[in-house]
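Paired with subunit B in one complex and with subunit C in the other, subunit A is shared by the two complexes that follow.
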Partner chain A sequence: MGGFARNRLVKALRSGLMQAVRRYLGAAPLVLLFLLPLALSLILLLRGLVDIQASQALFQHPQFSGALKLTLFTGITSTAASLMLAVMITSQNHRNILQQASVFLSVPHLALAMGLGFLIAPTGLLARLIAALFTGWTLPPHWQTTQDSFGFALIAALVLKETPFLVWAMASVMQQDELKQRFARETIVALSLGHGLHASFMRIVLPQVLQRSLWPIIAVFSYGMTVVDMALVIGPTQPPTLAQLVWTDLNDGEVLANARGAAGTLVLSGLIISALAMIFLVLRITRPLQRQWMTLAARPEIRSTVPARIIWPIWAIIYALVIVAMALQSFSALWPFPDLVAPHFTTTAWARLLQDASPFWTSVVIAIVTSCLALVAVIAWLETQSQARDRIALAAATAMLCLPALLVALGQYRLLLLVGGTGTWVGLLFAHVLSVTAYMLVMLTGSYRAFDPHWQSASRGLGASRLTFLSKVKWPMMKASLLSSLAIGFAVSIAQFVPAQLAAAGRFSTLPMEAVTLSSGGNRALIAVYALVLMALPLIAFQLSSWASRPRWRTA
Partner chain B sequence: MKKRYGVTVSHTKITDTAEVVKRVRDEVAAGKADGSVDLVWINGENFRAMKTDKLLFGPWSESTPNFALVDVEGKPTTKQDFSEAVEGLESPWGMAQLTFFADGAKVTNPPRSINELIAYATQNPGRVTYPAPPDFHGTTFLKQVLYESVQDISVFAKQGDEATFKQYEDVWAKSLNELHKVSWRDGKQFPKAQADVTNMVADSELLIGITFNPNEPANLVAAGRMPAATVAWQHKNGTIGNTHFVAIPANAKAKAGAQVFANFLLSPEAQAKKNDLKIWGDPTVLAVSKLSEADAKMFTSAPAPGSVSIPGPALLEPHASWVALLETAWLKRYGQG
Partner chain C sequence: MLELRDISLAITDRVLVHPFSLAVAAGDIVTLMGPSGSGKSSILSYIGGDLLEAFTAKGDVVLNGQSLLLQPPETRHIGRLFQDDLLFPHMTVGENLLFAVPRLPKAERLTMVTTALERAELTGFADRPPHTLSGGQRQRVALMRALLAKPSAILLDEPFSKLDKSLRGQMRDYVFSHIKARAIPALLVTHDRKDAPIGGRVLEISNEGVVRDV
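Then we have the complex of A and B:
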């Protein structure tokens, strides 16, 4: 073998080795931070599968059958209503719909449920307004507007929160360049065949959009079936939802109750999977009918009777009212019915927040650390792994977001118990970082992979190293998506309740944990303060990210 | 503490004392002699569990100097924790007794028994309720209803079982049914926690509140969360009361330090501070008559608005085994709305 050939071989080997090392190092953060813990958590869940005794105890719980019915009712109704409303909203041509939806998105579920309570409860702002304007009630009305036996208040809260999410998901599909052009072309064809604008949306655009929004819809359903924090605040107790029942059991001091709770999470997951399977089956069977409807002869217009145009603005009004109700509440101590505002204005509750600021700082620090860690892990993965491998990461992230939060949290908790990590800072970080990473992975992968590769060849041609290219060209160009995914990671972390509560083992308190404790612990002004702070932090993060990513120069 | 006695105290917040019982049990089982808990705030079921399983250090509590000041005659619950003899295994810290409260402007003639409460609710339908068990206020209310629906309550001091409970279940449920018919949400929903009830009373969605700390109503008035006209009362024939204690686990590392601290918690100074409405408002376990004049003065301030104005005797808690019986029966009967 000649020296030249040997040289080439060595060189090839070395660069191969370098590449392999880089590949492993690049994958390591995401694997260690996300993929491995998620896999281990899910494996540890299998332990509860065989606990027949615990399942029996669950089925014999006096509230089980009632809770089951309530869960199915609230989960299915809220998802169906959110989906219908989201379709109506996206069928209209709202400008800036993505940005508007993302404002609603940044409001944590828990904060919304609390605020909605202040608005609609028998002693809430609405009842006081009615008393002042019309009826002159001296005692609060016997309304069942919160904690009603059917869970309507819970459904309302879920719909208020999930509709913007679905709008956001569907609108982002519709605004992808390639699809946008295709939909425009197809709509023109439909119009020239005599279909109305609305009809062409319903028959051509919508089916394609829905197909591409399948995972968000499943995530909404799974969330609605398993939500704990919202149900604790605004849901009924006799019986409670299954998720609440499970949650109480998981937090019980007794080992038997814990096992019953674990069995409950599996029952909940089975319920979700079978419900989804049923829906797919129905869709499959009725496919001929659907096709028939879609290929009906053209009619000039099929208009929905509800004035769809006004639905979206209603969202802004309700969210604004919720915030007003919370703000009023946060400055009041004693606020007897039917006074429209509290007799004395006090800042005691806000002072309390500052006095015991540790939950606030714990939440903020954890949100910053986890979102940064997750960003590094995601970018390291995307920079070093082939695009084909994204499928593994995305599948894990999607699974994480669509599986019931209770289930994943329980797995995480078992993993933490196994390694003795409950009640430690690392454990608490870990409890937050999984969902943060999952969300950021889903948000970032698309735009990161869509980055035009020509920029890289151009800068390599100019002799720039990879690092220079990344720091001087690619990342600055991608600033907007990087920062907005960071903001989303921050918001997700701030809102984490279930995994955090389990991992903290009473040693730490975060904002949502404090808020839930407070919501069962009385002081309304303080609850309002925490709900407002929970809302404000993600909003600030989003504002900061959009301010920081504004273009610094304009091209002519 | 460090300055005065050379003992460093570090407070660990827990959500449930049962966790501590479990931790100590695990540690003792693993043969760990230098345990992680030196002193635990405890009573009732958890005390019984630790006493039965020999997880407690002692007897020690009756030999601390300040124990001599404890009102063992007037407050028998300081020696009898639920129905378990204390036997020096825990040191009393504070008192609790089921107490009701209301805005005196709205409730002029407070109902002083369960029957009077039902009569009151019949006149004011939908304005009375109690927190859903297992909130312990709710559970205690169930015990109170049980006590008031039978002639002789001595049977409940003994271990209860399904068969014994069967004899009393019907009268108990009859009272509850009557109350529920005229309760908030027709007794089909219950507030999740005692604090919710308190809020609803402050808003006048409910008219009668419930607490286990007799000083809480006064505390709420001081905090501006209830009006100054607030009244607090206990039932004619008494309401359930108990004492909360501190105990030292068998495997505690700093047993001497823990005893010094427990003794400090019993000192007139610490008890008076705890008794202060601005601090906590937790009633003292001491007999004010046994204190020096200067010390006694710390406890005899003029009654604050909202203090208990119509007191009733304290009744001993039933044996801990009754809790599960009552809670299960309640869930079966009323858990489905």
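Then we have the complex of A and C:
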């Protein structure tokens, strides 16, 4: 009798212990890989939070006020324009808009900025096309189209890149099963009340979509205000944006300059927060006006939807032109101006990429390793933690994506310095893995939690163990989202520049680092090669993932 | 008067509803019954002008002597009521109603909203968000919203099926009396015979897709 009770007690303890062990083991990878380093990085930012001397040095920098104005101008304009365009695009019914947007998403910012340069520079493909088709120019036009002092080129590059991201974010809200049906029926109601299609979208669907797309919009704004790699390639130089100024300081060996860079990073973050606060204040104050507009009486609509409908196809055309411009340039050594193609094609630049292939392989290996590590960590977390804890992980990931990238990178860098990890492989991996994990968490949590738990009960009913259920039922069924999140992780890793450059400490070079260095030089063909490779790698990853996750058979 | 002339409905070559005709006089409420999937809701969509592309429908829809087929949904003046109240969640109850009021001086529009709230027995609820109302209250607001747009006909797509049994009878009386007071034709679609107004005409779509009086 006593033995029996003890037996039961031991069993209960053991199973409780097993559960606890499983929970801790499952959480460990994500905690070690992501949550803990992120927390430590953010804590380390507090050190020297208010460095009066460094801040004064920053404010006295001759380019500070110019840089400040440029940063506000480029950040606000690019975000507003991207949002407006994204609204126009999502107001139209485009088939497969999510897949199309994700293709644009996979293109690294840096590669797009470099490629856009080849399209719009005075000797770029656009000027050559205009010369050939209309004007017969024999000399390049006096355009200041890249690195212009107002930052228009930077704005254009940001808008080209961020609009598809917002389209993706908004369209994924609109295509959630319940919302999609609800919006469709609400639109029918609005139409039956006499409002036109456009008014129905703007007043009924859009406000509800925007409410749910707040974080992506903030992320776009924060990105636009702090972007470094794009600005170095296509942004203004005299003065540069604040992010460029800060970046130069952070890379400076001198202690004072370095401290000034750190102070600049904090100023930049403060700037973003105050700008956001201002925007929310304005939105709050004008709320009565917004409400009035929302409830205006129906009136007949005579409005052409053609402009809104052609924006999205134009995106594909611009990206295609950018790729063509890069491809032509990569095979051309000498390319006299009005000629549409160079007189001789040469593969010299491509040969140089192969000769010094170490940045390429460094980037590829790191991307594969980090995306696989992150996938394991995210799945281990989602499999073993309660849904309530998703909020912790998602909050960390959202913070990572919405905080200024420079700020997080600075914290990461300080952490690496503290443990002596700069200039090591592990340090370089760490510099990549945070963003990769953040993106993959955001991408995967929704679909992982949406998996119907009935499948598990059904499998258990058939006597399948947990592992069998996972490997034979759940993961195969979720193959598409698992693989596409892997591709996203790969793409994010390939594009990492700021944290990687800081962590590498000059000992390693990755593709983006090499590309930025080359961009300040004059070897246009080689620059084009790097831009193309940067762009191609994520696209290849996406193609592979969608090929590997194609359905085994067509359903009728 | 709402007239359906030789209306038929098919989905990818499979006939759902064979041609039938029907006239609903002003103030009448005609009930169309049928099992789920019989196409009864799609007929309402055809009348309203928002039939999904997968369906093909034929026949003319005539409202007060004018064919509606070439008109977009927003100029057909046909009110709609669904199972779900479909109150817009980002607007207050009052704003939901105001959204439906046609162009008039602002003071008049606001008076119409106040009157509608009174009729919904929800005076003082104007600033409440819809989700704080009970199911029955929301459905009353939805009816008032549909009527505020001054429709020339109204289509009811199982508007009582999500309500508690105890509420249903009350809600039926409420809806029917307000529609009758407007003297507009109404077409009700349901799978529950008890939803039909007493003494009203009832048609049924058979399993073979034939529409008959019952």
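Here is the rule we go by: the second predicted complex is superposed on the first by the 537 of 556 C-alpha atoms of A that agree within 3 Å, B and C clash if a C-alpha of one lies under 4 Å from a C-alpha of the other, contacts with A are read in each partner's own complex, and residues count from 1 in each chain.
Criterion: a residue touches a chain if its C-beta (ideal position, glycine included) is under 8 Å from a C-beta of that chain, and two chains touch if they have at least 3 such contacts.
These numbers come from a predicted model, not from an experiment.
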**Request:** Evaluate whether subunit B and subunit C can sit on subunit A together after superposition, giving fit or clash.
**Result:** fit
**Request:** Answer with first, second, both or neither: which of subunit B and subunit C does A:Gly16 touch in the superposed model?
**Result:** neither
**Message:** Which partner chains sit in contact with A:Gln211 here, subunit B, subunit C, both or neither? Use first/second/both/neither.
**Reply:** second
**Request:** Check whether A:Val189 is in contact with subunit B, with subunit C, with both or with neither, and answer first, second, both or neither.
**Result:** second
**Asked** What is the contact status of A:Pro336 with respect to subunit B (first) and subunit C (second): first, second, both, or neither?
**Response** first
**Prompt:** Is A:Gly446 in contact with subunit B, with subunit C, with both, or with neither (first, second, both, neither)?
**Reply:** neither
**Asked** In the superposed arrangement, which partner chain does A:Gln63 touch: subunit B (first), subunit C (second), both, or neither?
**Response** first
**Which partner, subunit B or subunit C, touches more subunit A residues** = B
**Message:** Output check: A:Gln147 vs subunit B and subunit C. Expected answer is one of first, second, both, neither. What do you get?
**Reply:** first
**Request:** Pick one for A:Gln238: touches subunit B only (first), subunit C only (second), both, or neither.
**Result:** first
**Complete:** Distance floor for C-alpha atoms, subunit B against subunit C, superposed on A, in Å, equals 47
**Message:** Under the definition above, what is the set of subunit B residues touching subunit A in their complex?
**Reply:** 12-19, 21-22, 126-127, 132, 185, 188-193, 195-196, 198-200, 202-205, 223-227, 328, 331-332, 334-337
**Residues of subunit C touching subunit A in the complex** = 45, 48-50, 72-80, 82, 84, 86, 88-91, 95, 98-104, 109, 145-146, 148-149, 151
**Fill in**
Residue positions on subunit A within touch of subunit C in the complex are 182, 185-186, 188-197, 203-204, 207-208, 211, 291, 294-295, 297-301
**Asked** Which residues of subunit A touch subunit B in their complex?
**Response** 62-63, 66, 122-123, 139-140, 142, 144, 147-149, 232, 236-239, 251, 253-254, 333-337, 344, 346, 348, 506-507, 520-524
